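Have a look at the structure below, then the notes.
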């Protein structure tokens, strides 16, 4: 077998050296009745080309080559081949967690750069080395707010990603944390009137997403002021990180829980992605996740180490800030390389293109009779439209034309049937936007 | 080494009383076990403690130790020098690196604590156990 | 402090030998940045440009990102290539890290993960346009169930720790449905730190149970501890000492008699695949670490995946969604599960990692047993050759890993961390130091099946040389490493005054 570097004679030599008559002897400690006598009924073994053929066949069964108008928390953006060329280097790909700092300065330097970039993007003072994804980063940020305020109730806008809210609820159930949802106004933003002084005074955190699940930007400075006036924190999550290329960063938030997938990480059917928590320096000891810190060796050379490890599970065990161990280091590296390539101007340009393309698509779609925009608040690259027909039916017809249609909001918000969340990124050519609009027009004109 | 006017606990805290006020810290033995101290977490002024209750932590790079209150009472002062210079705990654990001052709720609790000679015998026994 | 010593100064520093990389002075990417440079261009806009200030309003606009890098493509390539050369990696040599299972990461796995039509798919696209992805998940599930001997699975958890939490939440939900969720989870003192941390997040209390003098669970003690308050025992098998819990059947029976459950941390599955199945020896729920046993790359700390396998009684409580194959042969994500514990993360899992694990499993097929056998042979071979040089605290049969202690070397003032750092000078990554907690001065070594006899022999000779040095020249060992770009770094300063980002 090609992954096993032993010849039969070497195996014999080694068994002899051990003093075992056979390999079976080495498994004597497993009780006889539990030892398998037959090989496992598994498919394979496959040669390399057969493995490739299997996966190519699977790829053909998906939406390969389709044009997609789906966002809803996961975004397709341009990425450079340089990123994969670097990330596939064995020294990055196959290296371990940098606990032995002297032998892992490559990983630690890159993490330090990642932490810096996340601070620059979000306007916060410190950022960690990654969480699993945005949904768990948000959950951990909320638990952090609970620890910091000693309040056990939170207010969350229902325009925060539905699956993120589900994850928070799953974790909160057993921790005595109560969650109250706050609705939205006609602008699509969180209903500020519902954030009463009584509610705020009893809450650890007000939690919003910006741009939110409807694509609308929230007014964070005002929300921060309200929260702070009553001793609560503002926790904000971001699922479309490219928005930070032109949108004002959430500097007034106390904790930012971001999904970094939009920064050069492929959609990959749901993961792996890269979550980040960014916050104020004074909260750093309550942050979960690994942190790379700068220091020196005895000769004064600069180097980096994992630091403040006493927050983590391998030291604090049951008193740790979180149980997280393995994180998303390689994808933090992907985001780091991607942002270095794009740079200050590139990210701004990419974001500006998203804005322009989305506005163009909106204009084209609004020309169709019976299609109208929902929510008046400012949007980035996603917007909500109302149709006169079930979005599912529209999407089924679009699929036949190799278009993956917009997200049907009715699947997650029962009051928003016939509304769809349309996402347009810089990757969609004008001709495809026009083809999409023409197809929608044709579908709506066809009797059901 | 271990001031004779202090009292000591099995968890390696010391307390020096002046009237109804006790100054509390951790012993030289404790700081040696911990290694270089990087951070100290102390209770808020006004916090009320029972004897044996955990009131904070002392951290080194690789370990965290809880600090337990030797007596019952109320925290009236915490040492401001430790947030900037936690290393004082290593260099002067019995003096400048006191952790908190407390008003004793029940001064008679002091008699239940070890005196310097008893404490020294206690840690000598511990040292023997470790090298056994 | 002199982070950028000149070449002359470095050349004069004879303690630091030239390493593999071209530039030893590589700074941070921000230090190369200059206005007007760009590393990536995007195609010109083909629709009318919208002015952000008009479209969003000034209040929603940002100024340019202060300090963001501006560098060219070649500078990015050089920077990251240079710093990569400061890393050790599996591609370079053995990582003898206990319970990490640092095995070869097959390259075909990287190739297939990047195929157009796989890496490109959106998790919310309709099921009929995702049959390929869903089949990959279902095929993987079936393989993992066959290997573990369990009945149902969730592929959602992003790592072992998250798998542990998921399993514990399912245990709680099951016990609640039986009338009483109970209060405590028993954990051996040899357990990995994520175990007690996960228990607390699941809303349970940790009850530590001491290992006996054989490093195994003491069944008499266990009987005492398993009261009506105990929800589960969380064990690792083989233990973190690399030893199989011989009385596992009895242990499981004790728990089951009281209506409690057995959770197995599957971190050490590399000793069991193809040899025995946890489902057969009494385990009710377990997680696997795909970035350990199933070869997915560690990537400097992640990603991973921690799928959870359960017995039938826990199936109703699996988190949503569950991958199913319907009667018409179509694959789907089942969202309609009324007893589910909820959702532990957005979407259905770390698909890219799951895909790689399937590619690995397909490469071996039923021959996976050979990998397990080779792993155990390697561990025992190394043990045999180091028993004379290092103290072996538990003289029991080792499976895929062996735990020594620094007791002998301590007499000369040399401890496990010193020995580990000196190993770096011999070109190896250190083994796991100071874990498990029940062995003071632990040295935990797991070679995996990816190591050739040659590599094992090199490791053995390095360790023996260091044992020798500990006696004849302890200072050399205590001040190691000597051959890396930086010496031992000041972790105390890093923790006292943390500097966690670059500033201009």
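Per-chain numbering from 1; labels A, B and C assigned in written order.
Keep this in mind: a residue touches a chain if its C-beta (ideal position, glycine included) is under 8 Å from a C-beta of that chain, and two chains touch if they have at least 3 such contacts.
All of these numbers come straight from a predicted model, not from anything done at the bench.
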For this session: Would you mind checking which chain's mean C-alpha position lies nearest the centre of all protein C-alpha atoms?
Result: C
Exercise. Looking at B-C and A-C, which one has the bigger number of contacting C-beta pairs?
Worked result: A-C
Exercise. Where centres are the averaged C-alpha coordinates, which chain has the largest centre distance to chain A?
Worked result: B
Problem set entry | Distance from chain B to chain A - Cα centre to Cα centre, in angstrom | 45
Exercise. In angstrom, rounded to a whole number, how far apart do the mean CA points of chain B and chain C lie?
Worked result: 38
Seminar exercise, completed: When centres are defined as mean Cα positions, the distance from chain A to chain C in whole Å is 20
Exercise. Residues of chain C touching 2+ other chains?
Worked result: 491, 495
Exercise. Which chain A residues reach two or more other chains?
Worked result: 310, 315-316, 319
Exercise. Can you list the residues of chain B that touch 2 or more other chains?
Worked result: 39, 59-62
For this session: Report the residues of chain B in contact with chain A in the complex, numbered from low to high.
Result: 39, 59-64
For this session: Note which residues of chain A are touching chain B in the complex, please.
Result: 285, 309-310, 315-316, 319
Exercise. For the complex, which residues does chain C have touching chain B?
Worked result: 434, 491-492, 495-496
